[in-house]
Amino acid sequence: MSGFSHVASNGKANMVDVTEKSVTTREAVAESYVVMNAEAIALIQAGNHHKGDIFGTARIAGIQGAKKTPELIPLCHPLMLTKVAVELELQPEQQRVRIETRCKLDGKTGVEMEALTAASVAALTLFDMCKAVDPSMRIEGTRVLTKTGGKTGAWSHPL
Amino acid sequence: MSGFSHVASNGKANMVDVTEKSVTTREAVAESYVVMNAEAIALIQAGNHHKGDIFGTARIAGIQGAKKTPELIPLCHPLMLTKVAVELELQPEQQRVRIETRCKLDGKTGVEMEALTAASVAALTLFDMCKAVDPSMRIEGTRVLTKTGGKTGAWSHPL
Amino acid sequence: MSGFSHVASNGKANMVDVTEKSVTTREAVAESYVVMNAEAIALIQAGNHHKGDIFGTARIAGIQGAKKTPELIPLCHPLMLTKVAVELELQPEQQRVRIETRCKLDGKTGVEMEALTAASVAALTLFDMCKAVDPSMRIEGTRVLTKTGGKTGAWSHPL
Amino acid sequence: MSGFSHVASNGKANMVDVTEKSVTTREAVAESYVVMNAEAIALIQAGNHHKGDIFGTARIAGIQGAKKTPELIPLCHPLMLTKVAVELELQPEQQRVRIETRCKLDGKTGVEMEALTAASVAALTLFDMCKAVDPSMRIEGTRVLTKTGGKTGAWSHPL
Amino acid sequence: MSGFSHVASNGKANMVDVTEKSVTTREAVAESYVVMNAEAIALIQAGNHHKGDIFGTARIAGIQGAKKTPELIPLCHPLMLTKVAVELELQPEQQRVRIETRCKLDGKTGVEMEALTAASVAALTLFDMCKAVDPSMRIEGTRVLTKTGGKTGAWSHPL
Amino acid sequence: MSGFSHVASNGKANMVDVTEKSVTTREAVAESYVVMNAEAIALIQAGNHHKGDIFGTARIAGIQGAKKTPELIPLCHPLMLTKVAVELELQPEQQRVRIETRCKLDGKTGVEMEALTAASVAALTLFDMCKAVDPSMRIEGTRVLTKTGGKTGAWSHPL
């Protein structure tokens, strides 16, 4: 007995059987940060003043990434997201961009992996667009903030 | 003039034209960390003792993720990776798993986004398998360590 | 308030939240035309006389394309099509091929984008197979003809 | 002998063998139009004044669509695009949006299908975002404008 | 009238309309064999003694393959698998590896194609990893063993 | 030292590094058989007499499947196929359909996995279209027949 739901007692990776689970409305919120130097921060500020394509591109990539979760994470179930939201906020005093994602569905499994994948792909896309100016960026603090729905009900990150 | 190679002077997101770039051998190494509680660390230690499916699954997902980079990151070019390696190391004293990835190709563009994507997808897969035991995990410190090849030559992260 | 359902009041592209929508049977019919020269028309006529692989290949590509809609259109929801039909008809007197597609599902969102995507991919596939004979082809008149189901009920194109 | 390069003499659909073709720089430009009513035109004008997410989203979708061409069009070869550009221009007096795409590569096959696919996916994405205001839109005039490279050299649409 | 559910009376390939079908729990079990020489068998035995990555990699590939069924098989409906299991067993006396797969869902269509695809992709992955030692391997006996659910109810392969 | 090129000496699954390999023209031919009952054979004979959509659909699926090989087989490198051919032949006296596939490229790795994947996906597609008439079908004898190119040169299956 492994304690991990995705690992059977014989140690083999395992897709959890959710056939018998009930369909409930489930929601998860996740966040991630891209930490970058002052030059990159200044260029994002200047860019968003005009057209917003930097954050807009990362937002679209994050939404598309959420839909690709079952292709990327081997033991995730395919599911039908009813809502994906990706927001980016420049926090210049901390020299970082904060990404917050929200996924929803009516279904049998939670959507925290979808929210985390959306945040990670948005962060990677931001990294790709800024790496010529600051190749030393770091993606930090990717985590689940809250989730609701399912048997376990509401959960918030303790920190 | 935006300073970002992926953003044109009019502010629009832009796939860089690499048609005229020369083909050279390029390599990039990236890392990421999944920080978790003692219970999850102990279960990974126990699991790997037997079958290794936890790290093995994350490694396969990371390799597959590297190949999906141009699907995930809108302005990345399609390219033909000649090598993807993903290694995971349990660092129990720091209560974390370290992921190191390495990508190579003979081509016209660098492979740091592929290495970062491999690291991120491996980290997400590890998160997915351990989240029943510790839903508060965080993915930290995703960054490029070194890259070689191309016009800019060898680069190492300053930290 | 933008007026576009996919664009939030702050101007940001947005996946509509359909969590609360009810599941109904929805259907959409779309069409598209590929206009080509007499030589291409004649070759299709000759080819279909025998084996039908030209139209058959476009039909399969259109069906597969419908299933890829949420991968292609960023703000489309993933959904489970219960039926996709693609028909091609040679209209030699107008020097064109007419494509008609029909998609159905029991779900929370309409399927007109799926029908339009099926028509577009079938048209592109036909273009690909005929372009050696007529590189000047045009794809024209891609539109929704009818849709049923959902809150708005039955709709027909006014033209 | 069918006359179509993708159709063998026995009538069967066929991926052309390009093994022996030489690698040259190839480029193709394509266009497409989305025709819509005055209300939709006015809303796009208002939206782009602020954030540009409508055109930005269509542009990203078109770039991603170009990369998906060999997945969508059965007889297209996989290839490594070195540049994809998608531009959208509002033409309010004609009540339409014009889309122009440009694809480049160093390779053995032309890229006109990639340029056409980028244009079609950008048009479909624009349709998706505007359909709540004008469900009667039409996608018109999708065609190749110019192509260069390969054995046949430079070609321009005669119209 | 063709007798094949996927082929219309006019001979055209056809996605079956399942809109009116009822949602029931459906399950399918499939198997496949990879037959190889004694050297490959011995190396798998040695490898699994340590880390299990050979079978682990094939198992993950099979699970991922099941989820890709509607992308691979043109007339398959998209569906939401609730369980995929892939098991591999070395049968050294018959010089082969046996693969057994099991897929489940609550849905409108059966899952035997998903189980067969999982088995085929796991077999191909095993072939890929062992081909340097035995390029003459054969994949044999891929078939459905049992299926339950839906209008036809329980079925077992007669052999 | 494991003997398997895809498995490192520490037992971990591994993508072979082909960076230093030379680019040569490589080709592989594979085959597979779908064994079915007399009723299914008769219906295919009748169907192909008219429109050929059954074999045409399987052929397109096989070609598309070859292009998906690096997505399906975790340790396969992405590569740029220059030719994929899929042929199906009814062998009524043996109550089976024979599938033969051929893949080519100028590249650094062999294409036998692509040929095998094409054959497997064509066989699965044929199975899908015929399963309503004969659910007991078996896919048999999937193997590589010949390969050429690369360091090892020409190879033929010994049987």
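Read from first to last, the chains carry the letters A, B, C, D, E and F; within each, the first residue is number 1.
The criterion applied here is as follows: contacts are C-beta pairs under 8 Å (C-beta built on N, C-alpha and C of every residue); 3 or more make two chains touch, one makes a residue touch a chain.
This is a predicted model, so every value here is computed, not measured.
**Student:** Hey, what chains does chain A share as contacts with chain B?
**Tutor:** The common neighbours are D, E.
**Student:** Fewest touch steps from chain B to chain C?
**Tutor:** 2
**Student:** Count the smallest number of chain-to-chain hops linking chain E with chain F, moving only between touching chains.
**Tutor:** The fewest touching-chain steps linking chain E to chain F number 1.
**Student:** Which chain is most remote from chain D in terms of Cα centres?
**Tutor:** E
**Student:** Counting only C-alpha atoms to place each centre, which chain is farthest from chain C?
**Tutor:** B
**Student:** Name whichever of A-C and C-F has more C-beta pairs touching across its two chains.
**Tutor:** If we tally the C-beta pairs in contact for C-F and A-C, the bigger total goes to A-C.
**Student:** Could you give the separation in Å between the centres of chain B and chain E, each centre being the mean of its C-alpha atoms?
**Tutor:** It comes to 30 Å between the two C-alpha centres.
**Student:** Between chain C and chain D, what distance separates the C-alpha centroids? Give it in angstrom.
**Tutor:** Computed from C-alpha means, the inter-chain centre distance equals 15 Å.
**Student:** Going through chain D residue by residue, note those that touch at least 2 other chains and give them in order.
**Tutor:** 11-13, 51-53, 56-57, 60-61, 64, 68, 71, 74-75, 79-80
**Student:** For this structure, give each pair of chains that are touching.
**Tutor:** The complete list of chain pairs in contact reads A-B, A-C, A-D, A-E, B-D, B-E, B-F, C-D, C-E, C-F, D-F, E-F.
**Student:** Which positions of chain E touch chain C when the two form their complex?
**Tutor:** Touch residues, chain E against chain C: 11-19, 21, 70-71, 74-75, 77-80, 107-108.
**Student:** What residues of chain E sit close enough to touch chain F in their complex?
**Tutor:** 2-7, 10-13, 32, 39, 43, 46-47, 50-54, 56-57, 60-61, 64-65, 68, 71-76, 112-113, 116-117, 120-121, 123-125, 127-133, 135-144, 147, 155, 157-159
**Student:** Along chain A, where are the residues that touch chain D in the complex?
**Tutor:** 51-53, 56-57, 60-61, 64
**Student:** Which chain B residues qualify as touching chain F in the complex?
**Tutor:** 25, 52, 56, 59-60, 63-64, 67-68, 79-85, 104-106
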